[in-house]
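Starting off with a structure, shown below.
So that you can tell them apart, the chains are marked A, B, C and D in the order they are listed, and the count of residues begins at 1 in each.
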């Protein structure tokens, strides 16, 4: 199953997907597009991915967490394309018999995905559009 | 607003309630009735509370987290009465501009509520009913 | 100390009224969820617990109450009760 | 080294074909999202980056590529390319 989606994410469905009758705890993380970033007003974000590699990298993060926390069932959906303020760009759901593992897994997943998945965002504000973070024009070595 | 409810909890509504356009992260915790506990099959759990004190204690936990993490908005609903396997007994939603605070608040809330709120559960299994934990008949001093 | 009907009297010269609430397994053991107690000035929550304990064999092993609340606040069992207080012994909680 | 049209040639005696993918801000800087490169045996990902850097002023400050992937895996920029490889330079990611 794909971790990437071009349509709105159904968080409730994702929780239901991972939660079994033997699970006592479900922890979810949802990332939302904020209305501001570094002092600029934001209207929407365009998410772009190197799709096959992003799928691989997210699967790798999931597998490494699963190996460390085998009791946790996990689901991840990352949205691509135009995402408006107040809409979710990513939803993660982790279900486990006990809560400590579910919290641990959920945090490890979002941290790992943010670090590794080749996904980029371009912010759209009233002043125009801009890729977030690295934009070239600087230098990485003296 | 009451933290206690006698009807099914709407997790999605709780998330929507706390999340503003300036929030980038929402973390939720849902506690579910599991189909087993300490080797026994469980069919449902009956939750009882010392209601006015439980409201006070949950409010106190929320306020102490709010003081430490003022950027986080929090909502808590704990269900009372009969809750069946697969239904949520508690849902907590924490929204924040950044994810670290939302995870921190959510974990602190469920830990604090579990420790402090005067709420008890009676498990219903095919063999009968039993209060979970302390049941008298032992001793606390030599 | 005397015990008549469902009321639990701690001191015969009682001039204060305390409401005792019982929850969960404690209610099942005691057989009621609420008792009006007439107690003497200087009576502590611990005194009420000790009287309760004397009357119910499943509590005999517990010299101290599990947890104690007066007027919706956790307190030490040594707390001296006042007229009109709402007293509750809180069995170990299991919410969430 | 010559540069004709949109194709980026690193070595004139090239006998291998490598597919270069460009994303996000790098695609905007370079002006294309994909290039077919003819490269000589022994060419590294770093060699391709250096050629790219020479052609685009906004990359001049970057001796090293941001991150490098070959066939969907992160690799060190010194990695030697092979015929048919899919090479991508990965600008710092900002997903989630």
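The working rule: a contact is a pair of C-beta atoms (placed from the backbone, for glycine too) under 8 Å apart; a residue touches a chain by one contact, two chains touch by 3 or more.
What you see is a predicted model; the values in this text were computed from it and never measured.
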Legend entry - Each chain counted as touching subunit C and subunit D at once: none
Inset, instruction - Go ahead and note the Å separation of the Cα centroids belonging to subunit B and subunit D. - result: 52
Legend entry - subunit A and subunit B, separation of their C-alpha mean positions in angstrom: 26
Legend entry - Inter-centroid spacing, subunit D versus subunit A (mean Cα positions, whole Å): 27
Inset, instruction - For subunit B, jot down the residues that touch at least 2 other chains. - result: 31, 110
Legend entry - Multi-chain contact sites of subunit D, meaning residues that touch two or more partners: none
Inset, instruction - Using the contact rule from the top, write out all pairs of chains that touch. - result: A-B, A-D, B-C
Legend entry - Parts of subunit D lying in touch with subunit A, wherever the complex brings them together: 21, 23-26, 28-29, 56, 58-64, 66, 69, 72-74, 88, 90-96
Legend entry - Of all residues in subunit B, those that touch subunit A in their complex: 11-12, 15, 19, 21-36, 85-86, 97, 99, 102-103, 106-107, 110
Inset, instruction - Would you tell me which residues of subunit B are touching subunit C in their complex? - result: 31, 47-50, 52-54, 56, 78, 89-90, 110, 113-122, 131-141
